[in-house]
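Here subunit A shows up in two complexes: once beside subunit B, once beside subunit C.
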Partner chain A sequence: MTNALRLYMHYLSQSIRSQMQYRASFIMLSFGHFLVTGIEFLAIASLFARFKHIQGWALPEVAFLYGLINISFAFADAASRGFDIFGTMVKSGDFDRLLLRPRSTALQLAGHELTLRRIGRLVQGLIVFSWASYTLDIAWSVPKIYLVFIAIFGGACLFIGLMIIQATIAFWTTESLELMNTMTYGGVETAQYPLPIYRTYFRKFFTYIVPLACVNYLPSLAILERGDPLGFPVVLQWVAPLICIIFLIVALQIWKIGVRHYRSTGS
Partner chain B sequence: MPHIIVENLVKTFQIAQRQPGVWGALRGVMHRNYRQITALDGISFTIEPGELIGYIGPNGAGKSTTVKVLSGILVPDSGRCEILGRVPWKERIAHVAQIGVVFGQRTQLWWDLPVIESFDLLRDIYRVDHHQYAQTRDEMIAILNLESLLDIPVRQLSLGQRMRCDLAAALIHRPSILFLDEPTIGLDVVSKLAVRDFIKRLNQERDVTVILTTHDMDDIEALCTRVMVIGQGQILSDGPLENLRARVTTERRLIVDLEGTEDITDPDASVVLRDGHRVHLTFDPDRVATADLIARITAQHPVRDLFVENTPIEEIISRLYAENR
Partner chain C sequence: MPKIANRTSSLAIKSYIAVFSARFRTLLQYRAAAFAGFGTQLFWGLLRVMIFEAFYRSSTAPQPMTVDEVVTYIWLGQAFLVLIPLRADPDVRDMVRSGNVVYELVRPANLYFFWYSRAIAQRTAPGVFRALPMFITASLFFNLQMPPNIPATCTWLVSMLFAVLISAAITNLLNISLLWTISGEGISYLVFGLTWIFSGIIIPLPFFPDWAQATINILPFRYIMDIPFRFYLGHIPPEQIWYHLPFQIAYLIALITTGHLILTRGIHRLVAQGG
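Moving on to the complex of A and B:
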């Protein structure tokens, strides 16, 4: 385990080095990423300029949800590049090379690249998050800070898990991966708004199947000290993000099934 | 104790058949027709430690499928395979730690990293201890003459330079078996010779078992003590190069440079090619002793020079394929 972690760190440091060979490109891409994600938030802000509230949530509170989920997603997006390009890797046969090395394929793909330009989204998310916290005048305490950290960590686990599942599908088909994008990008969009505004089946899907509510809506209730119209147990608000670690573990098991399928069919 | 035991290996693939046109593509989403392709149709062989084996066959004959099964990437449908006492596909990680694989068409180095840093990463991937790593790396650098390449990103290397680095990379963990898949493809003559020379040394000095697939018959003639020919998923021939020659044909060539340009007629030999003063004759050494034939010809014609050649290996292989079609 420590050995695997050491190798992972080695991979990452090399990945950063190779990206730094194209410094100008890195800076422009990061800035572009910052602008594109920034426009998203401006759209939300203009919506609130008209309607002021959605079910009792004002702009700063929605901004809090928005910042939190975008920080998680930026980390996940940066860390899972290997899974993102996995489809082309299978097609070109480069995946065989990973199977020739005495390490798990998931570790090697995770180490493929740490996509630094995702820092654009990260910075943007952090700015929105900080503005929201400041405007809402949140009474920060050690438990609340802990909750922010596990919410970000859990969120990253959730999105990485989704991207692993998306990559796994490429073992069977290289077409129609759009479906999974509705989970990742769509999930980010969904989580930007408070859960109660959605229909029941939609809420249930994003709570029990893809536990998005566990890393965003539920912990935010605890931090913002709001009541929950949906009536989840309060204790859940404090531990829910950890559920996403289980989601990631399940995703890795599904990945293993995919690898087994690949090795028996060779395609 | 053989390094590699293969018995009755069978592997089939399902190939989805595409229908032509847009309508066909749409129908393909709903319903697919599969065609079965037998890539390996019951192949068997054993390989002893230190052998250097040429594994040849036309494209699609099952060469790379064999290499993929032997290197633990693919699980076969049936049959037995044991390499260094392990079943490759059952203990993939332990197995691949003992073997090295080089693909001529694909690098296993990191495209944007300097060569030396790829080596460092491989050290961590293979868990090689630092002392042994430093020793192996320095040896490889010396033998393959890599000193001046170490700081160059792989994408800037020429094909020949890259192949030398790839060979070194595949040996960082000191494997006892090496699979080489067309290691000389696309290389210039000098690089080709360097690669061949290295493979030979590796095999002779370190006793590394080498399995070499190639289309370059010069590789085979220069290196291999044993040749296995695969065609349509079956081993067509397995043995020393001379046996392969003998199995297909015993025919030899006599090439004579005459003083003049007259015709040669002999009951035991036939002319296959005339080129000015040079005449190519083929004959069967079972019917006529080589020395007798030469004596007869030199008695009848003024001869400047002559030499005897084996049938070119390309010709032997193509006959073997034709026989099995």
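Moving on to the complex of A and C:
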């Protein structure tokens, strides 16, 4: 385990070093990410300027949801680049090389690259999150701070899990499924608004099948001290993010089944 | 003499049409991708519709568009998503990387229009399998409405035609930028980001604050989606086509001229590696 961790750290430092070789491109891309996500937030803000609130949630509260989910996603997105390009690895047969090495394939793919330019989204999410916390004047306490951390951690686990499942599908299709982006990118956009605004089937999907509500809506209720029109048990608000760790473990098991099923394309 | 000139130009146009149709038919092969894309866009459309419906439920203040108009606008955006100039032509990128781009210079055709014909195919072919199913599905189940009258339909079709041509001209600028940057990742992302925000795909442009409207109005991106869609809805009166059409044509000419100029300069400084 420690050996695996040390190896992972080594992979990451190599990846960072190689990305720093193209510093101009790195700065341009992170700045671009920052700008685009920033203007997207301004688009949300201009909707609130016209409508004032969405089912009782004003802009700062929605900004809280927005910041929280974007921070989690930025971490997940930076860490899972290897799974993102996995489809092309299967097609070209490069995955065979990974199988020859005496380490788990999931570890090698996770260490493939730490995509630093995702820092643009991270910084933007942090700014929005800080602004929201400041405007809402949240009474921070130790349990609330703990909840923010496990919400971000659980969110990252959920998204990494989804990306692993997306990659696993490529074992059968040799093609990365665009449709799965609706769970990752679509999940981020879904979580930016409070859950009760959605139709029942949509809400149920993002609660019970992809447990997105567990890392965003539910913990936010506890931190913002809001009532829940959907009537989930209060205790769930404090422990729900941990469910996503189980989600990641399940995703890794599915990945193992995929690896066993793997047949090289022979190219 | 003029007769010969006529003949060569008609030959040239024929060859561009041939390039377009060849590329179009190649791109039609990716049916599985189109099917997956259809599912993805259904999701995004549904998500945005639900968000807007919730906003309209929460407020009775007068808005720049009615909720039905917004819903139709959102579905049109999903149906014609392929108009967003997402990236340069992957084949052109490979040619620039490998150096095979020099073969393109040997062709007895204008390189700009050669690539432009391909770009038009790139911006239309994937739409065939997306736009029509999306229209049918969204109008049956999700409240996509038909244009209110014939003038609205006609003005929509005219401005749509120029939307395709403008979007392809922007795509071609991305192609040409490859001669400088090779990877093209940075500039593609920037152009994509600008179009994403200022075409109306995230939120319909009238919802942006009033102080931002002046900036939005001078950018060409609104002619890719927002203006055609609002003609479709009748949100812009049909007679306004005489105001918008000259702008669309002017932007198109400006984009093509710029692209042409940059391409000519790019070719002059092109150094091909041997081998």
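To be clear about the criterion, the second predicted complex is superposed on the first by the 259 of 267 C-alpha atoms of A that agree within 3 Å, B and C clash if a C-alpha of one lies under 4 Å from a C-alpha of the other, contacts with A are read in each partner's own complex, and residues count from 1 in each chain.
Here is the rule we go by: a contact is a pair of C-beta atoms (placed from the backbone, for glycine too) under 8 Å apart; a residue touches a chain by one contact, two chains touch by 3 or more.
What you see is a predicted model; the values in this text were computed from it and never measured.
In the superposed pair of complexes, A:197 makes contact with subunit C only, with no contact to subunit B. Applying the stated contact rule after C-alpha superposition, one finds that A:54 touches subunit C and leaves subunit B untouched. Shared-chain residue A:179: touches subunit C; no touch with subunit B. Note on subunit A: of its two partners subunit C and subunit B, the one contacting more of its residues is C. By the touch criterion defined above, A:153 lies against neither subunit B nor subunit C after alignment on the C-alpha atoms of chain A.
With both structures placed on the common chain, the touch criterion links A:205 to neither subunit B nor subunit C.
By the document's definition of touching, of the two partners only subunit C reaches A:25; subunit B does not.
Of the two partner chains placed by superposition, only subunit C is touched by A:40; subunit B is not.
Common to the subunit B and subunit C interfaces on subunit A are residues 175.
Residue ranges of subunit B in contact with subunit A, taken from their complex: 11, 13-14, 29, 65, 68, 71-75, 89, 92-94, 96-97, 101, 103, 106, 108, 110-113, 117, 120-121, 124-127, 153.
Only residues 25, 28-29, 32-33, 35-36, 39-40, 43, 46-47, 49-56, 175, 177-179, 181-182, 186, 189-190, 193, 197-199, 202 of subunit A touch subunit C when the two sit together in their complex.
Contacts from subunit C toward subunit A in the complex involve residues 32-33, 36-37, 39-40, 43-44, 46-47, 50-51, 54-59, 61, 63-64, 183, 185-186, 189-190, 193, 196-197, 202-203, 207-209, 212. Those residues of subunit A that touch subunit B in the shared complex are 3, 6-7, 10-11, 14, 17-18, 21, 93-94, 96-97, 99-104, 108, 175, 263-267.
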